[in-house]
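The following pair of complexes shares a single chain, chain A, combined with chain B in the former and chain C in the latter.
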Partner chain A sequence: MNLDWLDAFLIFGAFKVVEIMGLGLLVHLQLGLTRVANFGVVGFWGVGLYAFGVAHLKVDWPFGDPYQFLVCAAIATVAAAAAGLVVGWLISELDDDGTLVGTLGFATIVVILATTQQGLTGGALGLGGLGFPYDFGRVKTHEFTWLLITTAVVALIFVYAWRVHRTPHGRLLIAVGANEALARSLGKSATAARLRMMTVTSGAMGLLGAMHGVMVRSLEINSLDVGVTLAALAALILGGTARVFGAVVGVLLTVALFDIVIQFYLPIPDGWNTQALPVAREAVFGAAIVLMLIFRPQGLLGQMRRPALMRRLHGDW
Partner chain B sequence: MVGIAGDSSVTPAVAVRGLSSGYGSVAVLHEVDFTVGHEIFAVLGANGAGKTTLLATLAGLLPAFSGSIAYHGTDVTNLAASESARLGVGYVPQEAAVFPDLSVLENFTVGGMIGTRPHEERLEEVFETFPDLRDKLHLRAGNLSGGESRMVACGRALMQDPNVLLLDEPTAGLSPLYLQLFFEKIADIHRTRGMSIVLTEQNATQALAIADRVMVLSLGVGSEPMLADAVTTDLLREGYQI
Partner chain C sequence: MTGEVVRPQILVRDVTKSFSGRVVVDVDELVLGDVPVEGLLGPNGAGKTTLMRLIMHSIPLDGGTVSLSRPGQRDVVLSSTRTSQMAGLGVVKSTQVITDFEHLTILDSALLAVTEARYERPFAAATDRAVRKRHEDEIRHWLDYFGFHDPLAVALSGGDKKLLDIVRCLLLQPAVLLLDEPTAGLSEDRTERVKAAVRQLASTGTSVVIVEHDLDVIWDLCDEVIFMAEGRVLLKDDPATIRANPTVVESYLGAGSA
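What follows is the complex of A and B.
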């Protein structure tokens, strides 16, 4: 594969876009459908990242890649799903404020554990030695291939989210999110529906964390940054929390704008890239969230369009 | 019908014994007792008397502090709301009784998640009761008028195939014409589908017209249930200030 035309940084920028798009789609299922305000996205993603890294580096597997990757990614997914189940259960009786604090607290615990369990995680120094589960040529080819694989995974997440809108499970999630008391009187367990959603979406967040670990090839404590949560939320809120395309549109206007367009195509002075830009990025994302919530809380794409969807699916009765 | 309600040899549809409940540690209902047979049972009372609290407790959404609730002889006192629903309790709350983001059809669909009869059959019956909704299937439930919204809420509960229907002020906020119509619908539902109905009302005249028996709640204390025929609005006004 001749990838001379492709800047290595561009691959990383695109990877970030795809990754945040995936997280945004998952937050859409949590916040947009079920109204679970998860402010600890980086925690679930980080559980996946670290579970993957530790499983990969600290366990003496009797087989090599790609099986080692697959097994470790499965471990990461299951670990994050379990975290989603437990956190979902802990917050199930809490209101919005409690959910916010609980999920944020969970993310903080993940960072503390990753920092203090030095024997496993390398602590603040981190751990190197992760790699791509294949070997055919140059590093750039590997990275580009990984970008494509991650894109395929995010495409699957999109299809899943898109399908959830069309299933009884999705309808129940919307009902639970809108009016939990009324939903409970429908004869289905609202808690079970919410826990199922939290488990699946958190597991997928963990898988994205594992895929991130492969791309950066190391465990770094700095990657467990609230910026991950912020980017996913900013993208989704800008695009529209209630729409499955919300995260897709939003991520193009936020992460793609900053991490690709501004960073590579605008003539900004050297040094800004590493110093001012990340700060400006977080400030703009934060401001975008605040402004959207004030002036257009439903996001650019607007509210759910269930009636139109149902008319399309069922026609006139 | 009324005879069945008073007849202790037949298992009542609803049996409430010494029921106290409320919010947090504050009791709002105090030792309420009544049974409901195969009838329309109206609970009357002024604002704040505890009508909504009673129905929410019957639906399993508020815990009982003491006392018991049984449906058709099955004790449900400590059951989750979803379990009560599966035992055949349909509940239409006073406020926020539809899912606003879902279409009208979907509000019916979520109602029909439990039960075994074919979905289409149940839907057809709901349309028989509320023919006006046929044209509004694909509207957003949150955009309906107050009256339409009440019909959708009722229809959603009917989709659950309940044998006991709890209606909390089903006609609140409806225009006089709609109100009249709605009470007729309720009487009709009871007659044709044979379910027991417990409804709360502030509108005593209309409630007395369709109910078999009434109970008056004042400050969380229930009166002895009375035959509706024997009760007049004057009596309610003088005796219970409603």
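What follows is the complex of A and C.
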């Protein structure tokens, strides 16, 4: 494959776009449908990243890649899913404020654990030595291939989210989010519904974390930054929390704009990329969230359009 | 105790409930369901809604027990059962305050009520249409009956939401149906439909308990009437006797309306 035309930074920019899109889609299921406000996205993603890294580097597996990757990615997914189940259970009796503090607290705990468990994680120094689960020569080809594989995973997440809207499962999530007491009176266990959803979506966040670990080939404490949560939330809120395309549109207008368009196609002075731009990016994302919540809380794509969807599914009624 | 009753019954025993120190419900013993349709009367604030909520265990009891007896089945202590399990036991309640699921259409509500839990898991394979097929007849029956001409829309008016609440209850095929002011705000025509539906349901073995401010509905429908005031059950008798009772006339019906 001749990839000379492709800038390595562009691959990373695109990877970030795809990754945040995946997280945004999962937050859409949590916040947009079920009304669970998860402010600890980076925590679930980070559990996946670190579980993957530690499993990969600290365990002497009797087999090599791609099996080693698959096993470690499965471990990462299960670890994050378990975290989702536990956190979901801990916050199940709490109100919105409690959910916010609880999920934020969870993400903080993940950072603290990753920092203090030096023997496992390398602590603040981090750990190198992760790599791609294949080998065909050039690094750029590896990275580009990984971008494609991650895109495929995120496409699957999109299909899943899209399908959730069209199944009884999605209806239950919307019902539980909209009116928990009424859902209970219809015989629905609101808690079980939320826990299942949290387990599945958190597991997928963990898988994305593992995929991230492969791409950057190391564990770094700095990657467990609240910016991950912020980017996913900003994108989703901008696009529209209740729409499955909300995260897609939102990511294109936020992460893609900053990490691809501005970084590569605007003539900005050297040094800005590493210093001023990341700060400006977080400030703009934060401001975007605040402005949207004030002026258009339903996001650019607007409210859920259940009647239109139901007409498509049950038009012959 | 198993299967000694002829219709589903609810037994309320020594149930108390206070809000901020004020006793709102204090019922020594009350059997619901020894006749097909029972009316629950009492002035505003008598504790009717709270009693129904206590039966559904949607608010915690301060003391006492509520249990359910059904013909040929084991008794169940409702006061130690979760609200989300009530519908599975056949105990169903409509709400006094207009309530609905934001965003969900009328058909969504109906489908939600009938869908079994195994189809609602994250990776359940069944499509929405497959689930709909299983219950289409009953849903169509009730939506048509109450005149929902466009079930693919969201219920907008208070009356529609109120009726939809009743449709959801009916689709759950209740053994015991608690109706909290089901016809409040409904047109005369729709009120008649609700009444007819209640009669039909009761004739097929459901025990119905109905709180209603429209007394004509009570006198029309009920085989027995319970009179509550200040959290206590004061009277339980046939409608004619209740209607003539001076306490009821004075404290509830007001001069001249009996």
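The definition used in the following text is that the second predicted complex is superposed on the first by the 316 of 317 C-alpha atoms of A that agree within 3 Å, B and C clash if a C-alpha of one lies under 4 Å from a C-alpha of the other, contacts with A are read in each partner's own complex, and residues count from 1 in each chain.
Here is the rule we use: a residue touches a chain if its C-beta (ideal position, glycine included) is under 8 Å from a C-beta of that chain, and two chains touch if they have at least 3 such contacts.
Note that the structure is predicted; figures quoted are calculated from it, not measured.
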item	value
Chain B or chain C, by number of chain A residues touched	C
Contacts of A:Val279 with chain B and chain C, given as first, second, both or neither	neither
Touched partner set for A:Val200, first chain B, second chain C, both or neither	second
Which superposed partner A:Ala175 touches (first chain B, second chain C, both, neither)	both
Which of chain B and chain C A:Arg184 touches, first, second, both or neither	both
Partner chain(s) touched by A:Leu266 [first = chain B, second = chain C, both, neither]	neither
Contact residues of chain A, present in both the chain B and the chain C interface	168, 171-172, 174-175, 178-179, 181-190, 242, 303-304, 306-307, 310-311, 314, 317
Interfacial residue positions of chain C with respect to chain A in the complex	56, 58, 82-88, 92-93, 95, 99-105, 107-108, 111-113, 115, 117, 119-124, 126-129, 131-132, 151-154, 168, 172
Contacting residues of chain B [partner chain A, same complex]	56, 59-61, 80-82, 84-86, 89-91, 93, 96-97, 99-106, 109-111, 113-114, 123, 134, 137-140, 160
Of all residues in chain A, those that touch chain B in their complex	168, 171-172, 174-175, 178-179, 181-190, 242, 303-304, 306-308, 310-311, 314, 316-317
Touching residues (chain side chain A, partner chain C) in the complex	164, 166-169, 171-172, 174-175, 178-179, 181-190, 193, 196-197, 200, 242, 303-304, 306-307, 310-311, 313-315, 317
